[in-house]
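One structure, pasted below without further comment.
To keep things simple, chains are lettered A, B, C, D, E, F, G and H as they appear, and every chain counts its residues starting from 1.
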Amino acid sequence: MEKNKITALLKRVRENKITVNEAFMKLRHLPYEDLGFAKVDHHRLMRTGFPEVVFCQGKTPEQILDIFKALCRKNKKVLLTRVDGSIFRKIKKINRRVIYNAQARTICLDEKKPVRKGLVSVVCAGTADIPAAEEAAVTAELFGSRVEKVYDVGVAGLHRLLDSFKKIASSRCIIVLAGMDGALPSVIGGLASCPVIAVPTSVGYGANFKGVAPLLTMLNSCAPGVSVVNIDNGFGAGYIASLINRSAECRI
Amino acid sequence: MEKNKITALLKRVRENKITVNEAFMKLRHLPYEDLGFAKVDHHRLMRTGFPEVVFCQGKTPEQILDIFKALCRKNKKVLLTRVDGSIFRKIKKINRRVIYNAQARTICLDEKKPVRKGLVSVVCAGTADIPAAEEAAVTAELFGSRVEKVYDVGVAGLHRLLDSFKKIASSRCIIVLAGMDGALPSVIGGLASCPVIAVPTSVGYGANFKGVAPLLTMLNSCAPGVSVVNIDNGFGAGYIASLINRSAECRI
Amino acid sequence: MEKNKITALLKRVRENKITVNEAFMKLRHLPYEDLGFAKVDHHRLMRTGFPEVVFCQGKTPEQILDIFKALCRKNKKVLLTRVDGSIFRKIKKINRRVIYNAQARTICLDEKKPVRKGLVSVVCAGTADIPAAEEAAVTAELFGSRVEKVYDVGVAGLHRLLDSFKKIASSRCIIVLAGMDGALPSVIGGLASCPVIAVPTSVGYGANFKGVAPLLTMLNSCAPGVSVVNIDNGFGAGYIASLINRSAECRI
Amino acid sequence: MEKNKITALLKRVRENKITVNEAFMKLRHLPYEDLGFAKVDHHRLMRTGFPEVVFCQGKTPEQILDIFKALCRKNKKVLLTRVDGSIFRKIKKINRRVIYNAQARTICLDEKKPVRKGLVSVVCAGTADIPAAEEAAVTAELFGSRVEKVYDVGVAGLHRLLDSFKKIASSRCIIVLAGMDGALPSVIGGLASCPVIAVPTSVGYGANFKGVAPLLTMLNSCAPGVSVVNIDNGFGAGYIASLINRSAECRI
Amino acid sequence: MEKNKITALLKRVRENKITVNEAFMKLRHLPYEDLGFAKVDHHRLMRTGFPEVVFCQGKTPEQILDIFKALCRKNKKVLLTRVDGSIFRKIKKINRRVIYNAQARTICLDEKKPVRKGLVSVVCAGTADIPAAEEAAVTAELFGSRVEKVYDVGVAGLHRLLDSFKKIASSRCIIVLAGMDGALPSVIGGLASCPVIAVPTSVGYGANFKGVAPLLTMLNSCAPGVSVVNIDNGFGAGYIASLINRSAECRI
Amino acid sequence: MEKNKITALLKRVRENKITVNEAFMKLRHLPYEDLGFAKVDHHRLMRTGFPEVVFCQGKTPEQILDIFKALCRKNKKVLLTRVDGSIFRKIKKINRRVIYNAQARTICLDEKKPVRKGLVSVVCAGTADIPAAEEAAVTAELFGSRVEKVYDVGVAGLHRLLDSFKKIASSRCIIVLAGMDGALPSVIGGLASCPVIAVPTSVGYGANFKGVAPLLTMLNSCAPGVSVVNIDNGFGAGYIASLINRSAECRI
Amino acid sequence: MEKNKITALLKRVRENKITVNEAFMKLRHLPYEDLGFAKVDHHRLMRTGFPEVVFCQGKTPEQILDIFKALCRKNKKVLLTRVDGSIFRKIKKINRRVIYNAQARTICLDEKKPVRKGLVSVVCAGTADIPAAEEAAVTAELFGSRVEKVYDVGVAGLHRLLDSFKKIASSRCIIVLAGMDGALPSVIGGLASCPVIAVPTSVGYGANFKGVAPLLTMLNSCAPGVSVVNIDNGFGAGYIASLINRSAECRI
Amino acid sequence: MEKNKITALLKRVRENKITVNEAFMKLRHLPYEDLGFAKVDHHRLMRTGFPEVVFCQGKTPEQILDIFKALCRKNKKVLLTRVDGSIFRKIKKINRRVIYNAQARTICLDEKKPVRKGLVSVVCAGTADIPAAEEAAVTAELFGSRVEKVYDVGVAGLHRLLDSFKKIASSRCIIVLAGMDGALPSVIGGLASCPVIAVPTSVGYGANFKGVAPLLTMLNSCAPGVSVVNIDNGFGAGYIASLINRSAECRI
């Protein structure tokens, strides 16, 4: 069925009924595979140039395995987020080349290693922010960015931060993760000349309210150039940073 | 005094005591002018390549005028945000070339018209979102971006949105503003292949809670590639979009 | 005792002391059975034409079994919601015809299969919304509606949604479930010409706040025709949709 | 331009290139008029069978007048909500047949009086809820429903409510408005056998939080059959009730 | 030491240095026993005429046992709240006359059975409210009130409530517990002529927010005569009701 | 019509068809007068023994005057709350015996001065709490309670509070009002042996959140015997205190 | 009366009935003057060594004048906070030596100029924080501290802050005020070796929520040594800082 | 590398290129050790005169052990907070002199017992506040303060509190911990003449919201002199109190 649609479309192109541009626009939006409980999208890569990603939290193991099977048949790059080791052991039986990052809780399939380009930096305030930071880093790398990591440079020890800043000063995008007071993106936003993607983490206690405090801090950043994603959303930050990084790349 | 610092620095460069790179790093952070109640930063342009911006809400008219005078002595581009017409009439007596945008509530001084490059699109869901949208557009233009505006294309009338999408499909960054349900960035995030900066607006009533509802919607966007700034923060969105747009520009 | 009340009422009807209408009004509200910890209502069916429903969360297994026994003595249709498999195994010993839906976490007794009429559609944004969606579907079917299901059509992939919309365009009511940004009801509300019942789900993370974000989104829907029920309340949505569906049916 | 699109479409119908059904689907979504700051939708009536509505809060008087002019050229029924008397005086100069309801803060243009059918009831708990109740009633009437109003029957005086209930017992939909504790929809939900649309109002003081308290009450209604719209959203309730009422009507 | 204080006080009375009234005032506030981690108050009975109560949540088993031992040496009535069965088994070894109520999660020592007087009614909306209702009932009985219980009479089934109301119409105080919409106290407040103590319970799901929804409902009761205690605070309600009940009793 | 109902009822009593008790129950709930926008309840006095009260906030001056006229035709005691001086001047023209309390913002009609009995105390923490305190005091007095006022005795000056406590120690109920930290009811609850009705006031700034902070404090009072009414709800507190006070009175 | 108490106390000292220490303890808590609506405390100075302070928000002009008159009869130092110019003009007629600070909105009477000692620094992030900063500075000076002010040194311009830090490095206490992201206290807390008192201000827009965002940031400061006062509470910060500063002073 | 920096610095001092003061400033901020996942700061002691502290919540056991090893090589005093017994057993194998406080959940290494000076008091309202109180006490002692503990003196039993107050009247700083209503700091703030550090605890139930209620109470304290730290943050309070206590000490 899907095939018919595409064939028909291409015929109309050949017959000059629609322009090539229009056909591309349509192709970008048409095809996907229906598993019943999920509609798997094989053309995302065509549309965004990026791998398919599965957010696994709230899905059953069976659903995750079925989706993965469908994806790895037609994609060379797949990212599963929010998975634990038990899922990994099952996925590995399907495709042995997957890689598990226990801190990031990600599984990556990356069958054609990219030449990683540009620079996305991942900076976090404390040791407890590392899981979200790793999720961001894994994502950015799989999506084709060179990544530099700077961890445990919270604003209470300004000298550590200033020391480390030099090596990330040429980033095209800086991802900054912080829990507790969430003050780090404001400080880095004041130092950097590239966009900052701020990720509040649910690290802290009491009036941190599982990340609400740093979320509000970051939305209110007194430094411009800071935009914010959801609490603990390392993947989202890595994805956006890759879009920005690629944007510079593409136009060389 | 400021001069002495800079002179000393340059001497050290000449004597090879520090490298040119180090000197530049230092220069980017040093100089500003102290008005007592405010420390005016003349080197922001050097640091970020961008004009100086004054957020006027909460400042007295006297303070705004003093800051503007200090800035326009040494800058060719100045942006005042959140100002009303009465301030404009006073500012105009200081420098006649300022331009007031009543919807955006901005005053711009732009003494060397830029060649506007790239493409930043500003999309809003409803007529009442236009003030924040205009603030974003004015900012992006002053900061050197070519801007395309698409207004009143909320998700309840999907055909209007899809119709308009073609003309912004090649944007390097899309700013999306919405109040009420704040659903527009999720839909555009699914269509676009560039980063989306989402701006919740305080438009709506009742359980909108002055923008909290669309803010949460946008932070939870089911489409990746969406990051969020503060409620009604058109300026912030315009600034970040310009950073992203310029990033692609610089590297040509 | 209950019997006496009803007998007395009917005598008064016979003696023309009250009209038939008045008697019906009274009958609709009188009888129930007192189990001590619960007052079981056998006349709900008479009152609403619908089966009795037991919301099991927060009740002990013993209470659930006692209530079920009391109900199945006098009703042909019973629905238990928020039950797990261990309750099911016990209920099954009381009445073998009950059916368990593990995703929906419901137990249905339906001793006279209805001719299902009209059309209620159940649409959900993601795979993780399926449990609440199934609860809605099970409810609507037990209450006599024909049900069409469309799952995993979130607004980030608009083409999937538009593809699927045709088969539900003739619905008398559409139930739309979404977590994360909760944007789907706004989009469907703009496409549909029947009422939309929106169900926020607690799917998502961080600033989703266990369903608060999509709840607010839906209350603020920019499309009219959308009303909202409690977070994850699939049953409530299925019930209302059936009322609406039946309303059209009755008057043929 | 718009015309061209439609012509082209119809040609394709004549030539059997698309079916009549498909053409109708397309027609329902295509045409609107672009005023720059707003995209006025003339085919809403075709799509939903309902008048065009303008939510005026947050729009300038000029914008409201321009939109109204555009609409009343091509529509026989127009509803403006959230308008005050000063707007009315200006609108009246454009079209003398408009009617202003000062409590509801609505302006109606209704050039072909409908035969009002079915029954939608509007019930409110206190005198201070009347503005939102009137907005609901005006809407439901303009959209073709017969309306019965029952005001000031809060649950603290149960005898008033029970007295009044008889005259609304045959409603196809009951709109229930309440501020303060918001308990009325739960009680009416237990009595009624049709859907209840609950409207929390911002009436009350202190811990009412401008309607949040009754909003939560209503979302948690212990009676099924209750769905909820935004705080003070009388229009939304009147619109949905009309959809439900019409649904029963259409199928006679 | 404590003894010295009291002796000294009495001497001063004997010597007419202070009046008997003054001495009583002082006696009411002086004595307690210091266990280090807790200061056990043996004179509460003298001060309020009521038994000593220990709120056990957040205390270690050892602390509970030590406090109980200290109390039961000098008091004939002791109430422990928020205890589980494992604590009960240990307490029982200290004093065999204690009684455990598993639903209420209370342990009572009541060595001189009171003549229970007056009437305090405990009314709850649903089966899941029973634990808090039982805590209230146990408390009111231990503090000397006759108690009538009416359970599962939520407002969605008004006929059950009106049926049951007669037997509690002569109460001196009515405790009303409800989760979900929390509407019951408003309805009973409109029927009753005595004070109503409303107890929100954490029963419900989604936008109930663990009792916040019914808490707000109750604070906003449209019926006067309703005051509110903390979520699930059955003990607090039973205590206040007993104060009110006793107040009428004492003055006969 | 109303009259017919009552006549019919009484006839049935005379004919022994219903008992006197039943007739009284019915009488307590039947009669009221319908003004269209409001249903005025003349039998509240019969039902509760208390005057009719009109909460004027959110009502138009015309509505208030109409309701007052209806009430003062048949009642000797009427209380209007939340009124300003301009309403008073109009009300005075209808009935010259009304009394205005500008701090409490109340209008009282009290044509048969009661013998005030018992003791209700009104205690407030600061000068800014006086308006709500006066509303409570006016209410309690009109409803037949003797009232003792103790103002400006916040917990930061414990000596003032302890000094004043003696004169209220014999209260049957103590109303305690506080803004800011709301700590006063906890302290008084520990000293008093009668029920405490706590009234949070919206006095304070910043994180007071218009009374939310003291509301939460009071709901969490570590002293038992404290129940809470809505923010600034002096009337509610005065009403409940009068119920409690009367309860002791009636049974002499 | 007050006098009698004190005389009696002193006699008991002379007669060795109580020790001097005990007498001092008692004296510290006894005397105040009762104005009816307020209880004026003349011995606060004795108790804390500090001037009397009147928080004027929420008090009527008459109340403020009466309290001021009572205070200035017996005190050499008085501080009124949250007053505007119109109050000042009236106060000035009572005592010509009062000084008004329009930014801080304070009135000071300081009839014996203190030798200001130690060092309290007042640091704020932006120009709009100055009103609260001035309130803190005025307070600290009146209470005997030498004050150093550093304004407009937000974290987005780290070089300004580091430049200024030297002159406050020897402070005994640093008051840090910030709105928006509230990040400044965390950074200063990491640099300073004395206690930091953080004051969130209601400066910012949107998701600042009138100071809630910086309040949460500060409570979650990743630098230890930071404690927090209420939003905009400059007075509170100045008071605590003076306690800390004096503490060091006293013990020389 | 670190060494080189310091050497270079000292050379510049010797050569009179920078003053001793400047060198000290720099030294205070430079050195730390990079473990990859954490940057361990050996010079904190030099900078603040205080031991290094590790907040262990959210760190893996391996990370805690590695950090501890790095610290105890170069420090004589180390504090680990939020640790459980299993960590303690592992830490003990590294250094046998560590001490575990199970209530406080702290591990202390203190190889040169300090002469404890001054007086910091730790006061808590209830038995369940003891864990946070012990954390505060352990911290203050390790940081060199003499500590007095007063537990279980909530405001509901004012006599216990007043009894205990004498022994802490000479404190240089009082730490006050309370859950539930959080009223204790306001009362102590009114009695004390030194700074009060208030610690809200997550003790309570229902509308306590895990410490939010006492947090708000404390921020709104009607007694000046009270500042607040995060919920359950005993460590933070102990740290600040030690800064204040030391401040008085240093200047003797």
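To be clear about the criterion, a residue touches a chain if its C-beta (ideal position, glycine included) is under 8 Å from a C-beta of that chain, and two chains touch if they have at least 3 such contacts.
As the structure is a prediction and not an experimental result, all values here were calculated from the model.
The chains that touch both chain A and chain H are G. Taking shared numbers over all numbers used, the chain B to chain G interface scores under half, which places it in the different class.
Of all the chains, the one whose CA centre sits at the greatest distance from that of chain C is G.
Between the interfaces A-G and A-B, more contacting C-beta pairs are found at A-G. Set against the C-alpha centre of chain H, every other chain centre is closer than that of D. A separation of 38 Å divides the Cα centre of chain C from that of chain E. Centre to centre, using the average C-alpha position, chain A and chain F are separated by 59 Å.
Inter-chain centre distance (chain E to chain G, centres taken as mean C-alpha positions): 42 Å. Multi-chain contact residues of chain H (touching two or more other chains): 29, 126, 157-158, 204, 206-208, 212, 215, 219-220, 224, 230.
Applying the touch definition to all chain combinations yields A-B, A-C, A-G, A-H, B-C, B-D, B-G, C-D, C-E, D-E, D-F, E-F, E-H, F-G, F-H, G-H.
Those residues of chain E whose C-beta lies close enough to touch chain C in the complex are 126-128, 130, 151-153, 157-160, 203, 205-208.
Contact residues on chain F toward chain E in their complex (touch as defined above): 25, 29, 47-49, 53, 166, 169, 172, 193-195, 197, 215, 219-220, 224-230, 235-237, 239-240, 243-244, 247-252. Looking at the complex, you find that chain E touches chain D at residues 125-126, 154-158, 180-183, 186-187, 189-191, 204, 206-209, 212-214, 216-224. Those residues of chain B that touch chain G in the complex are listed here as 29-30, 32, 36-39, 41, 57-59, 63, 200, 202, 210-212, 215, 230-233.
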